[in-house]
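Same chain, two partners: chain A is paired with chain B first, then with chain C.
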Partner chain A sequence: MPKPPPGVAERDFQAALRDLEGVVGREWLFATDEDVLLYRDGYSPLWGEAEERFPSAAVAPNSVEQVQGVVKIANQYGLPLYPISTGRNLTYGGAAPAYSGSVVVDLKRMNRILDVSARDKTCLVEPGVSYFDLYRHLRTNKIPLWIDTADPGWGGLMGNALDRGGGYTDIEFRDHFDAHCGMEVVLPTGEVVRTGMGASPQAKTGQLFKYGLGPWIDGIFSQSNFGIVTKMGFWLMQEPEAALQVSVTVPKRRDVVPLVDTLHSLMCAHTVPSQVTVASPVMAGNNPELVRLRGSGGVSDADWDRFAASAGGAPFWAATFVYYGPSKVIAAQWEHTKERLSGIAGVGFRETASYTFPLSDEQVEAVADKARYGIPSLNLFSSRSAPGAPPLEGHIDFSPMIPPHGEELIALTDYTGKVYADQGFTPSFVAGMMFHPRTMICFHAVPTFRNAADNGRTRKLFETLVRGCADRGWPIYRIHPVFQKLGMEMFGFNNGALHRLHETLKDAIDPNGIVSPGRYDIWPKRLRGSQA
Partner chain B sequence: MIDRRSFITSSIAFATAVAAGTEAEGRSAGSGAADNVLAPIESTVALVDRSLRGSAAFAAAARARGLDILEFTADVASIWMRELEPRLRSGPIAITGHTREATWFCLDLLARDFGACTLQRTAEAESVSFVISQTPGRRAALAPADVRAQWSTRHA
Partner chain C sequence: MNRFPLLALVAAGFAASTAAFAQEPPFPIAAWSRTTASAEDRGTPVERGAAVFNNWCSACHSRGPQNAPGTASLQNKYQGSVPAALQDRRDLTPDLVKFFVRNGVAMMAPLRKTEVSEADLDALAAYLTQR
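Showing the complex of A and B:
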């Protein structure tokens, strides 16, 4: 049987489990070793080590009232809880708790799509609603709205939004937390609050206007542990008449500077509506000379350009993005984009896909880059099957955020490539992804293994990257639970004033410290200092 | 090293055995991991990635056993949404497949939420064949009523 949470006596734990069973029913309390393995982090960088995080049990409530019942019992026995929606974001910890011994509150049964308004282009959902669920609902009911899905698309809307994940469609929708409108939260005291206009019981604008009256507090429930969010509203994208996916290529390494500057300007002017990915066809791959160059930490532009020429003359950078809207408007936007970029010598423009909506099932199946059209996909995992892909158990994401400047992307690539190489890893290729209008996120896959020795190397690499990038002005935007303490250290202005504020809030909102202790390094008073 | 014919047919035979509750046949078919299967499983489907070598032979062997065939190319998400997830939700069901490793990896994880797990898996160069089935020993938040009832009966 799993061990009780630290500080909870076995007898009390068993009594708490019986009480939880009374709230949710016997079938929905999971407390055997086999049950608990469902919530193991398969990509854990602590796999098999004493410090690996395991829950003590899990409970699957089906209603807000049952969540309140679970919270009440947790307060009574001092049980740490760890709510999850679908728990499928493997590179940021999956379903495993931040604090070993927590009872996972598995919210997958709360998977009702409570409302979709085609007229207002909004939805209201419970935490277990996945991108698959909402996409299927819209498609089955022929509602001409799009979701903005994470990639891969097997996660849940609420979990991804609360962890501040991103997608690929229009700017209004692809910052998933920013696209929410109104939430319902079970506070750690058991009280239920609604935010925004939803706090006014008769309001007809709960999913239409975010702020309500008074301080807007939704942000404190993201990347935090101040409550269990049980409903969220989201804004959905109106299905456009058409879409055009394009690729803009530039030949030389330093061309990325005007390329990114111009695309950023076009994005801010709402000419380029979608997420933009800037990747290097030249730098992708595993040939030994390329790996050596990537890991050298400062090869000159001229040397890189010589390598590119010797490797077949592929363009050094390619930017991929999509226009959505009426065909005539798209044509004008694309024309304007080409004019603005025409000053870069050797720039290339290519239309890679165009669609008129709605799509048939067969057309959906044939879409190559599904997430850019609000279609959840599992294609991202195909890299696991790629010929020559190294055998590995998984990876965690290292996700520094940089200004949307080409020279920063080059500097980051040089720095992280050298860190990987110095520590004996093949440098991870970096692309700049403009999810947000004024930054780029540069995901690095850091491999994880099923043995302590290799994972020790992984943890050292990860820590070096986090510290080194923060020192250079590129802190991370999101981080795996094992590294959340380290991550928050990088936000230590004024001797950690922000972290102290987080814990002041924690003490006020969660006096018994029951919800997700340690998440984003926010510890309740009773556990503070014991986690150093 | 498993031969090609066995690679293609063993998981189908195993899935059929699982569905019929004839564990002995299942064991002889290749894996010996059928300790916890439900009996009977009314629905068994064969999932085929048409882009893989051997997919036609797998589909033909599955069809000969009377299984429903679900074909897709590379990305299993649409089939999951349209066919597999609804069937797992109302289960019990066994799924045998001939796919890429990545597809099996995704399905194995997704199906766990419905009280299913991989009972058999065989890998070849670019493909795997497998059987994923709901079992009463595996509970999960989205397990269907029949699976939960069998668990409750066994753990009364």
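Showing the complex of A and C:
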């Protein structure tokens, strides 16, 4: 049997489990070793080590009232809880708790789509609703709205938004937390609050206006441990008349500077509506010379350009993005984009896909870049199925955020490539992903393993990257629980004033310290200083 | 968000919604209309298993490796000595199906009982082991 949470006596733990069973029923309380293993982080960088994070049990309520019941019991016995929604936040911890011994509150059974308004282009969902669920609902009912899905699309709207994930469509929707409108939260005391206009009981604008009256409080429930969110509204994208996916290429390494500057300007002018990925056809690949260059750090532009020429002359950079809207407008946007970029010598323009909507099922199946059209899929994993590709046991994401400047992208890849190489890892090439209007995220998939020795190397690499990038002005935007303490250290202005504020709020909102202790290094008073 | 930005560029196909298979309606029993708490009890175990497969497995394991990373992975692993698509396998046993659902393998994370309930797992095993 799993051990009780730290500080909870076995007898009290057993009593608490009986009470939890009384709330959710025997079928939905999980307290055997076998059950608890289902909540293990399959990509844990601590796999099999004493510090690996395990829950003591899991409980799966099916209603707000049951969530309240669970919270009440947790307060009574001092049980640490760890709510998850769909539990698919892999690479950022999966379903495993930040604090070992927590009881996972698995909200997957709360998977109801409570409302979709085709007229207002909004939805209201419970935590367990997945991207696939809502997508299928819209397709089945022929509702001309799009979701904005994460990629891979196996997670859900609420969890991804609360951890501040993102997607690929129009700017209004692809910052998932920004696209939410109104939430319902069970506070650690058991009280239920609704935010925004939803706090006005008869309001007809709960999913239409975010702020309500008074301070806008929603933000404190993201990446936090201040409550269990049980409903969230989201704005959905109106299905456009058409879409055009394009690729803009530039020949030389330093061309990325005007390329990104111009695309950023076009994005801010709402001429380029979608997420933009700036990748390098030259730097991607596994030939030994290329890998050596990626890991060298500081290879000159001239040397990179010579390598590109010797390797077949592929354009050094390719930017991929999509226009959505009426065909005539798209044509004008594309023409304007080409005019703006025409000053880069050797620039190339290519239309890679065009669609008019709605798509038939067969057309949906044929879409290559599904997330850009709000279609959830797991196709991302196809990259792991290439012939000869080594089986990957898992990875965690290192996700620094940089300004939308080409020279920063070059500097980042120079730096992280060398860190990888110096520590014996194959330096991966990293693209600049313009999810947000004024930054780029540069994901690095750091491999994890099923043995302590290799994971020790991984953890050292990860810590070096976190610290080194923060020192260079590129802190991360999101991080795996094993590294959340380290991550928050990077946000230590004024001797950790922000962290102290988080914990001041924690003490006020969660006086018994029961919800997600340790998540993003926010600890309740009773556990503060007790962990490494 | 996309975590393999370059590799994602080669991804193609869609597997979740439209498997062309007689026992799989395009969008069977979407989760929005139910909760896992009220287990599906409609149809035979095999019919219910088909719905579970479509809901939870087909995005990776439908027919056609170009559309399904799990199928592509099994093609690489077995090199055609057994069919790559799980629906075409005739050597699966209920215990084997249940093992991989609950334990995962490589990139595949386990599915919890709140995702695929024990009753749904029995049905899925029945579906994938029908002869």
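Miscellaneous remarks
One rule holds in what follows: the second predicted complex is superposed on the first by the 530 of 532 C-alpha atoms of A that agree within 3 Å, B and C clash if a C-alpha of one lies under 4 Å from a C-alpha of the other, contacts with A are read in each partner's own complex, and residues count from 1 in each chain.
Following the convention adopted for this analysis, a residue touches a chain if its C-beta (ideal position, glycine included) is under 8 Å from a C-beta of that chain, and two chains touch if they have at least 3 such contacts.
Only a predicted model underlies this, so the values are computations on that prediction, with no experimental measurement involved.
The superposed arrangement places chain B and chain C in clashing positions on chain A. In the superposition on chain A, A:K418 makes contact with neither chain B nor chain C. Judged by the touch definition given at the top, the superposed model places A:D35 against both chain B and chain C.
Which of chain B and chain C touches more residues of chain A: that partner is C. In the superposition on chain A, A:V430 makes contact with chain C only, while chain B stays out of contact range. By the touch criterion defined above, A:S382 reaches both chain B and chain C. In the superposition on chain A, contact is made by A:E393 with chain C only, not with chain B.
When both complexes are overlaid on chain A, the residue A:R26 reaches chain B alone and has no touch with chain C.
In the superposition on chain A, contact of A:V129 is made with chain C only, not with chain B.
Of the two partner chains, neither chain B nor chain C is touched by A:H405. Of the two partner chains, chain C is the only one that A:E362 touches; chain B does not reach it. Residue overlap on chain A between the chain B contacts of one complex and the chain C contacts of the other covers 28, 30, 35, 38, 42, 60, 88, 106, 108-109, 111, 128, 132, 135-136, 153-154, 361, 364-365, 370, 375-379, 381-385, 387. On chain B, the positions that touch chain A within their shared complex are 72-78, 80-82, 85, 100-103, 105-106, 109-110, 112-113, 126, 137-142, 148, 151-152. Residues of chain A touching chain C in their complex: 28, 30, 35, 37-40, 42-43, 58, 60, 62, 87-88, 90-91, 94-95, 106, 108-113, 128-130, 132-137, 139-140, 150-151, 153-154, 165-168, 277, 279, 284, 320, 361-362, 364-371, 375-387, 389, 391-395, 397, 429-431, 433, 435, 441, 443, 445.
Considering their complex, residues 26-28, 30, 34-35, 38, 42, 60, 86, 88, 106, 108-109, 111, 128, 132, 135-136, 152-154, 361, 364-365, 370, 375-379, 381-385, 387 of chain A touch chain B. For chain C in complex with chain A, the residues that touch the partner chain are 1-18, 26-27, 30-32, 35-37, 55, 59-60, 65, 67, 69-70, 72-73, 75-76, 102, 104, 106-107, 109-115.
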